[in-house]
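Chains here go by letter, A, B, C, D and E, matching the order in which they are written, and residues are numbered from 1 within each.
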Amino acid sequence: GSAPTGSGDASSDAAEFDGTLVVGFDQEFPPYGYVGDDGEFTGFDLDLAAAVCERKGWTFTPEPIDWDAKDALLNSGQITCIWNGFTIEGREKDYAFTDAYMNNSNVVVVAADSDIKTLADLAGKSVVVQTDSGAQNVLEDEEQQAELAATFASLETIADYNTAFMALEQGTYDAIAVDEPVATFNVTGKEDTFRVLDERLNSEHFGVGFALGNEALRDEVQATLQELVADGTVEATVAKYADQGVSMDNWCLPEA
Amino acid sequence: MTRATMRDIPTPDVSFASAAGLPAVYVKGACKAYGSKEVLHDVSLTIDRGEVVSLIGPSGAGKSTMLRCLTLLDTFDSGTLAYGALQVTSHDERGRAIYDKRTSHEARMRFGIVFQSFNLFPHYTVMQNVCDAPVVVQGRAVDEVEAEARALLARLDLTEHADKVPCELSGGQQQRVAICRALAMRPQVIYFDEATSALDPKLTADMHRLIRELAADGMAVGIVTHEMGFAREASDRICFLLDGRIVEQGTPDEVMVSPRDPRVRAFLAMTED
Amino acid sequence: MTRATMRDIPTPDVSFASAAGLPAVYVKGACKAYGSKEVLHDVSLTIDRGEVVSLIGPSGAGKSTMLRCLTLLDTFDSGTLAYGALQVTSHDERGRAIYDKRTSHEARMRFGIVFQSFNLFPHYTVMQNVCDAPVVVQGRAVDEVEAEARALLARLDLTEHADKVPCELSGGQQQRVAICRALAMRPQVIYFDEATSALDPKLTADMHRLIRELAADGMAVGIVTHEMGFAREASDRICFLLDGRIVEQGTPDEVMVSPRDPRVRAFLAMTED
Amino acid sequence: MFEMLVGGYGMSLKIFALTLLGSVPLGIVVAMGRLSSFRPLRWLVSLYISVMRGTPLMLQMFAVFFIPYYAFGIKTGPGYKFVAVIIAFVVNYTAYFAEIYRSGIQSMPHGQYEAAQVLGYSPAQAFFRIILPQVFKRILPAMGNEVVTLVKDTSLAFSIGVAEMFTTGRALVASQRSMVPFAIAAAIYWATCLVIEFGLRRAERRLGYYHD
Amino acid sequence: MFEMLVGGYGMSLKIFALTLLGSVPLGIVVAMGRLSSFRPLRWLVSLYISVMRGTPLMLQMFAVFFIPYYAFGIKTGPGYKFVAVIIAFVVNYTAYFAEIYRSGIQSMPHGQYEAAQVLGYSPAQAFFRIILPQVFKRILPAMGNEVVTLVKDTSLAFSIGVAEMFTTGRALVASQRSMVPFAIAAAIYWATCLVIEFGLRRAERRLGYYHD
């Protein structure tokens, strides 16, 4: 192999693409990537990735990763891309992203019996986000909701959403700021425990992230994805995950 | 000095006897086995106040085991043990000896022992080895205990070693510290396992004098030794233990000069060899 | 049996001397201090093949320290040590003793020691304690070593204990196992620290006979003991150590009956006490 | 970046210190229970040690954190997080320390117990004056293992949302897309451990005045 | 769900077994280096132990996994993940075991070394025949601590993408929105530890034939 002298030189990696698309994803992130009841990796994004591979004749390898190691893995070529409800905003300069394929928004979840009705009601309350999540970025970004976050009693972080929702229920926190699909996934069936505020924190977009310098492969994937829109594969996949909060309304990648 | 043969010692009756007439140590019919090996077999023994009794006999006869049981480090399987009016053992219906905690602790306040391997506390200085138990266990005043300890150390020629730890001492020095440690508890009975094994003749002579003085003060002394000369000089009475039985008992002269048991005679003949 | 006074012993010349005429153990001008305390001061000593030398003296005189240095468990600060033709120490320009590994190991094959505290290996049976080193260190055949060990154990009356571990043995039994362990190495020199401290008169007599036999076979024997009687009976020569110096040396009768040094006389007077 | 890590470090240290404060002495009590001659107690303590060592600290923390509410319906306020961390850590580390004490206690020569017993020391007195001081000398290196592990285990507190240094480091790694914050975190951990090692080594040296 | 966990358990066990196999004997070597009379060696080994214990195993794993590429440009294949896990685990655990051995070795009475030395055992022979067997008896409970910690530390392997039981458990918790998979994972861990404890207890009993 050749030594990388910097990310700019990584274009050589693209030349080495050997027909195996290794998709890095966080397996604790339903509905985009998670472990299905049959024990197989499943999820909306993984299904899309599999469909792309099928169309291109590539081998599809889903690779669950520790989120802490994602950059090191991507840059060293251990994974080809990150495809996992991966928010573009704020990361534009760090990855070679496809065009956005999905609109997303961050929402606030509170206990069903909470007196919090609007974002303004969050003043003086404790709010929790997952570390390095889109919601955290939004609340810490001066150009987005940092002003709102300043009114909170505290903005805390936690390792995983399951714990966050359990802790919300027992009163440790007053609210969780979270991706809409994740909120839907966790609130579905527990509507008498949790409630999603109508007001949203922001709107953002998901894309597939490649290592900088790997633009050629990115373009190929994007083009294929657009073909999948055209032939209806995307719509079918959306339908499959409809009850988990995925909707065609949010799809934003046009046909070629 | 009172001396008594086994036959005419009454079982101490704790309920109303005054302690005055009772032997300091009283053992009757003691048995002890390790697994199937019977180490002590129906051993009876008394030591009166002011009396020095030596236990002699061949290696493996059970002398150390006897001392371990007397000092409650081990238990007799059956038999009676009493310190003065304090009856240490009771018995279940099958005649097995039962020990209870409270009584055992009381008994421990009455005796001390100098171990064959000394067993000094290695992390304590000589002074701490001697003073700790009297202060902590008996709750005596530190000043008083230290003064007494200093006197004891001086007596056994250890003054200059008071602040050393045991690993800096020679064998004889360690043994003497162990003696001081036992005496600092002011016991009524003191036992020695191999009393003078690490002591030179001068110190042995000192020990002899010391034991005599202790006895004169009314202490009962029990000695296990292989040095026949020492046993003979120092004791009022000698018990000869053989294969877990006391086969001969009497004054040093009776046992050493004219033993009745032929095995004792054979054993002692070796000494002159 | 050869006996030599300090004056006329030549420094062994390793380069071309045959080992035949040299003493088995040769020490000259040995000094040793612990911190500022000088424990051995200019000590010279030889033990010839077939000779039994006892080192006696008061507690703390430095006897055990001397044995520790002789057995290379500790080092002399200065002075010369040689085993036969094997010169163990060399010296730096300031006269301090230097030991090297190879020579030390060779020397260790020539001597054995019975420790005052025995130091048996607790996880080995008696048999293993005795046989392990000859097999592992000397590379001798297991069968041969075991046969020899059995004979030694029988000799010291330990046959029935061959498969016990040390914590199941009495003090005297342990000491005898330690003796067997040392002898199984077939050393040219054997040292005893408190040779008979845990042995009864019969065993002491046995020991005496054993030591005599070993000497007759040409072994050199060095003994530290407090039992003057034993020293007198068993030794060819006695060295009296006092405050780290050999103050008197000669046949047992010379040292014990008519010592020249008044301090020795005073010390020995105690024995008869 | 460095200041942010040092900020989280305060919490790491707090968890570390409180855990040690609780578990080092409690471990002694538990070790004594483990060695008790009273069978049911010994059995119970064995079970406790087994469960504590046998299941992940993270899950024990979850249990302490969630059980009051999910099992008993008690609403625990936001302050309970930290309390839960400390409880779980102390209860967990006590088990580990107890086993180390036990290894030390069982390696003491019999003669020491016998001497203490004959001198009339109560079992507790003998233990605290004669045995324990000697045990400490013997177990210091093994204790070092647990103490140093604890330094790093503080990062587990984040599972229930108590953010400490490593969490901060993790967030920085994500936002900076570089492993450097991890390296700094590791350096801070190491520095902490060096201080601990220094202390342990001094203690070892101070206890070196005797041997047996 | 249970089968999925058991599936991951195979990997956990593999990591566990290979780590023990490497670090238990290597720990002896390192402990001997730590106690060597040759200063530079002692110093080097101390440094090694300090770094290994002082920094998180997770980061050590990152280092082993990524350094071949980032420092030397060597493209490591997919098989390297597992190798990196094992290397990091062995190197890390060796340090812990070494310190436990040291605590045992230093607690041996001087007389044992002296007896062995006089009998002419080489330091290595004395160590392996006389000291080590006795040390093992003394350190078993403390060894138990590390072995049992290792069982659970296997879950760290996921940091570089080696999925084992706990990772599976975590994924299941997320997808099923329930703590039950964690409880099952904990039970499996505990069962493993019970087996280990049983083994250790038998070993302790077998070594109980003597005391000193």
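Here is the rule we go by: a residue touches a chain if its C-beta (ideal position, glycine included) is under 8 Å from a C-beta of that chain, and two chains touch if they have at least 3 such contacts.
Everything quoted here is computed from the prediction, not taken from an experiment.
Asker: Provide the labels of all chains in contact with subunit D and in contact with subunit E.
Answerer: Of all the chains present, those in contact with both subunit D and subunit E are A.
Asker: In whole angstrom, how far does the Cα centroid of subunit B sit from the Cα centroid of subunit D?
Answerer: Measuring from centre to centre gives 46 Å for this pair.
Asker: Counting in whole Å, what is the centre-to-centre distance of subunit B and subunit E, each centre being its mean C-alpha position?
Answerer: About 50 Å, centre to centre.
Asker: Report the inter-centroid distance (CA atoms only) between subunit A and subunit C in whole Å.
Answerer: 82
Asker: Please list all residues of subunit D that touch 2 or more other chains.
Answerer: Subunit D, residues with two or more chain partners: 62, 66, 137, 179, 182, 211-212.
Asker: Would you please write down the residue numbers of subunit B that are in contact with two or more other chains?
Answerer: 117
Asker: Where in subunit A do residues touch two or more other chains at once?
Answerer: 68, 72, 160, 166
Asker: What pairs of chains are touching here?
Answerer: All chain pairs meeting the touch criterion are A-D, A-E, B-C, B-D, C-E, D-E.
Asker: Under the touch definition given earlier, write down the residues of subunit D that touch subunit A in their complex.
Answerer: Touch residues, subunit D against subunit A: 62, 65-66, 68-70, 75-78, 80-81, 158-161, 163, 167, 170-171, 173-175, 177-179, 182.
Asker: Show me the residue ranges of subunit A that touch subunit D in the complex, using the header's touch definition.
Answerer: Residues 67-68, 71-72, 94, 126, 128, 131-132, 136, 154, 156-160, 163-164, 166-167, 169-173 of subunit A touch subunit D in their complex.
Asker: Once bound in the complex, which stretches of subunit C touch subunit B?
Answerer: 34, 56-60, 63-65, 116-117, 157, 168, 170-173, 176, 193-194, 196-205, 208, 226-229, 233, 267-268, 270-271, 273
Asker: Can you tell me which positions in subunit B touch subunit D when the two form their complex?
Answerer: Spelled out, the residues of subunit B in touch with subunit D are 71-73, 105, 108-109, 111-113, 115, 117, 119-123, 132-133, 136-138, 165-167, 181, 185.
Asker: Which residues of subunit E touch subunit D once you look at their complex with the stated criterion?
Answerer: 50-51, 53-57, 59, 62, 66, 96, 99-100, 102-104, 106-107, 109-110, 137-142, 144-146, 148-149, 151-152, 155, 166, 179, 182-183, 185-186, 189-190, 192-194, 197, 211-212
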